[in-house]
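Chain IDs A, B, C and D follow the sequence of writing; residue 1 opens each chain.
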C-alpha cells in the first residue's frame, strides 16, 4: 500500500516573488510532490496555508503517513489549533519532514522544545553535504558527499536537542558548518530535519535532494496503528492491579476520577 | 559561590487539603527548600503560584541557577507568559527539576515536545527505586536501590523523548515499572525529571529522596554564562564571511534584514 | 526478497542437559529458527558452535542479513577470529540479535565496549515485560505488557552504554527491574538485545517472545549495500582535494603511504 | 582536592622525528601535562609507552582520575593486558581523553565497539573548530569558533557510535567536515575524543586547544567512588529476594554457583 504524503507549503513567496515563481511555477510544494511521486511507493498531494484549515483538516491528517513542512515568510500566521493538531498526529505516529526555513516553524519548535535558532547568509555560496551515517536509510543511493551549487548558508550553533542520529553535516564556502540532516522521535512519530531548500535557488530540482526526500519519506512512515490515546493518562484502579495489592493510607482522588491537567 | 535554587510550588493542596497540610505544614515547597538548604553549597528559596507573576519575575529568574517545579491541581492556571519566560531561562542555562505530577506541567510538556502522559494509581503501594546509572552524579551516596513505603504508582508508557540518561527505574507492588529518574538537555539547560513525590504521603521527608534532590540540583547547575542570545538567528553578511566569498545569484532578503519568524 | 537469518546456538546445554533437551528437542536454535520461518518474509537457518568455524564461514556471513546469538555455557570457547569476523559484518550492516545469556558473549561485549554485567536469580519467577516504546517496529502486535510465567531474573544495573532506544523494561516477582529490550547501532549494523530466554524454561515457545524475535529480525535487516570498506582509513591526497589547497609545512607521511595502525 | 591526570604519550615520533622534536622538546606529553598543570585544580604527570607496563601499573591507574591518550606510530605495540586494565578503570569511573590519532588506539576501539576509521590528509591546511554545544563544560571560555592554522585533515565518515553529545565540528580548507569533539560514557567513565593534535604542527601549544584539554579533564573527572565490582555478575539467591518468592521449576545452576563466562 502506498505511503500517503501531504506536502505542505506556505505558498507566499511561491506566488508573490518573481524569482521564486520562475523557478517553481507550481510552487515549491508542487515540485516536491512531483519528486516524491516519482517513486511508485509514494502518493503525495499538496496542502497550502491559504486553504481552509491550512489544507489540513482532521480527517485528512488522520490518513496521512508523512507530512512535509516548508514555511518561511509567515510562521506566525499558522493557526495554533492546527499546530496542536499536527503535533498530536506526529505523537500518534505520523512522520514529519521539516524543510529548510521550517526550522523556525511553530510545529518544529513545539516538537523540539528549543528555540531552533541558527545563523544564516543568503549569498548563493556552495554547500557540500557530507553523509555521516552511511548505512542510514535516508542516505541510500547517495555518494559520500554531494554539492548544492548555490545555497543559503545555515550555520551552527543550531539550537535543537541532541538528535537521535546525525545523518548529514554541511560544509560551506564561507567557512561555516551545519548539521543539515537530523533525526528525532516524538511519541511514535519520526521527524527528519533537512536544511537545503532556499526558495530563490532551484534546490528542490536537485536530484540528490529529491533522493533524500524520497528516502526520508520511507524512513518516516510508521506502519504501526496510530497511538490515538497517547495524550491520555489512564487511572489503573486498585481492584484491577496486575498484582494483588491492598489500598493503604490517604488518597487525594475520588474513585473514577480522571486526574488533573 | 552557592547555587541559587528557587523551589516552586503550586501551593493549592498544601493549603486546602487537611492530609497534605498535616504532612507539610510549610507546604511541600517549604520542606523541599529546607532539605536543599541542608547542603551548604545550596541556597534555596521558595516561590508559589498565587504570588504576583507566580513568584517568578524576570530579575529573580535571571539570578536562579536551578528551578524545581511541583504542580498538580491546576497546571492550566499557570500563565503562558511565565512558562515562556521559564523556558527561555532553561535554554540559557538554568537547570530545571520537574517533580512528580509536574510531568503534566506546561513547562515540562513545552520542553519535551511530547504529551508526557503515563498511567497512575493512588493506593499507597510500595515503590522500589533502582539505580540504573551508578556512576551518575545524581545517584551518589545512594544504595543500589531504595524503597518508598507508600507511593502513587506512575506507570509506563511515559510519553517523553528518549532521555539523555536513564538514572532510575522504579518497581511497584502492583506490577508496573516506571523510568523514575531521567535527564534531558534543552539549549544549555539541564533537566531532571524525578517521579516520587505524591502529596498525601511524606515522600519529601524521605532521606533518599532528599539526597536525590540535592544531587540533582548540583548536577543541573550550569556555571557557564547565560546564553542570552540563544533565541536569535543572526545574519552573517557576505562582507563579513570568515572565508572570502562572492555573492552570487538572486536574493530574497534586503541587506541588514533580520529574517522572518 | 526474503531476509536471510542465521540462528546461532552454542548447543551445549541443548545436547547435554535433560531438562533443556526435553523442552527443545531440536535445540533452542531449532525452535527459534522455526519461529522465524513462520513469517514468509524470513528465511532462517541455524549454525552451532561445534561446527567448523562455528558454522560461520566468511561466505555464509557475507550473505547473512541478520544473525541471532545465544550462548551461555562456554562464551570463552568462541574463537576470537570468528568474533572479529562477526563484528566486521555488523559494522558493514548485518543485524545482530543478542539473546538472554548472550549478554556475556564476546561479540556483545566487543560491540558494546562495556562489561555487560547484570544480576541474576534462577527461581522460575514471573517476569512482566512492559512495552516502553509502543510505536517501535519491534513492539508491533504486542499488548502493552505480557507475562513470561517462569523466567530467570536478570536485574539492573546492566552495564551497557545508554541505548539508542529502550523498547522493553521487565518487572520481576522478586522485586527487580531490567531493561529487557534495547537497541544499539554500530557502524551500519543494528543490534537488539532481548533478555528473556533461559534454557530450562520454554520461553522460546512463547508466542509473544516469538513475535518479538520476528519483529526484531525485520527491524535489524539493513537493505543498504554492505559497507565493506568501513575499517579503512583512506588518505585524501592534496592534489585530489575537493577544494583547491596548497600543501604547507612539514609532513610525517610519505606520498601514497597508508597510515599507521 | 586536585584532579589527578596521567598524560600518556607513545613517545616515538617525539624522540625520533626531528620536526616533532623541534616543536615538542619534552615530548607532546610534556607539553600537554604542562598545559594542564597551568590550572591549579589539576595535577598532571606523564607516562610513556617504553616504560615498564607502559607507565601504567595498576596502583597508579587506581589513583588516576583522568587519563589522556596520544598514540600514532605503533598502536599495535600496546599490550593487550594494559588495554584491558585501562578499560576496566574507565568502566569504574576514570575519565579518558582520546587525542587525535588515538582514534585508532586499541583502547578507543575497544570502548567504542566500532572501527573508529576516518579519512585524512596531511597538508597543513586550515581547520576551523565550531562550538556546537555552547553551554557544555568543555566549551567554556571559547569563542563561537576558533582556527587551527595548520592541521592534519580528519574527515567524515568517522566510524564511531552516535555520541552522547557533539561538542565540536570542524571545517577544513580542503572541503571536508569532522565531528572533532565528541563525548561518550562507558560504565561510570566519561570519554572525550578531540581530533586536533597532529605531531608535526604546534597544535598542543595553541591556547584554545589547551583550554579545551583543561575543560575536558574537569568534565571527565568523576568524583564518585570507583565501581570496582562493575565486571561482576552477582547471583541474588531466592532466599535473599527483596520480595518473598518461592522457587519454581527446574534449575541449571547449583546453589552458590557464580555463573558462566
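Heads up, the rule we're going with is that contacts are C-beta pairs under 8 Å (C-beta built on N, C-alpha and C of every residue); 3 or more make two chains touch, one makes a residue touch a chain.
These numbers come from a predicted model, not from an experiment.
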Which chain pair shares more contacting C-beta pairs: C-D, or A-D? C-D
Outermost chain relative to subunit D, judged by CA means, is A
Averaged-CA centre spacing for the pair subunit D and subunit C, given as whole angstrom: 27
Centre-of-Cα separation between subunit D and subunit A, whole angstrom: 36
Residues within subunit C bordering two or more other chains: 128, 134, 155, 162, 164, 175-176, 187, 242
For the subunit D and subunit A complex, residues of the former touching the latter: 128, 130-134, 144, 155-158, 162, 164-166, 169-172, 175-177, 179
Interface with subunit A, subunit B side, in the complex: residues 13, 17, 19-20, 72-76, 87, 91, 101, 104, 110-115, 117-125, 150, 153, 155, 159, 161-162, 164, 173-176, 184-187, 198-201, 230-238, 241-243, 245-253, 259-261
Inside the complex, what are the residues of subunit A that reach subunit C? 93, 128, 134-137, 140, 145, 164, 187-189, 222-224, 227, 242
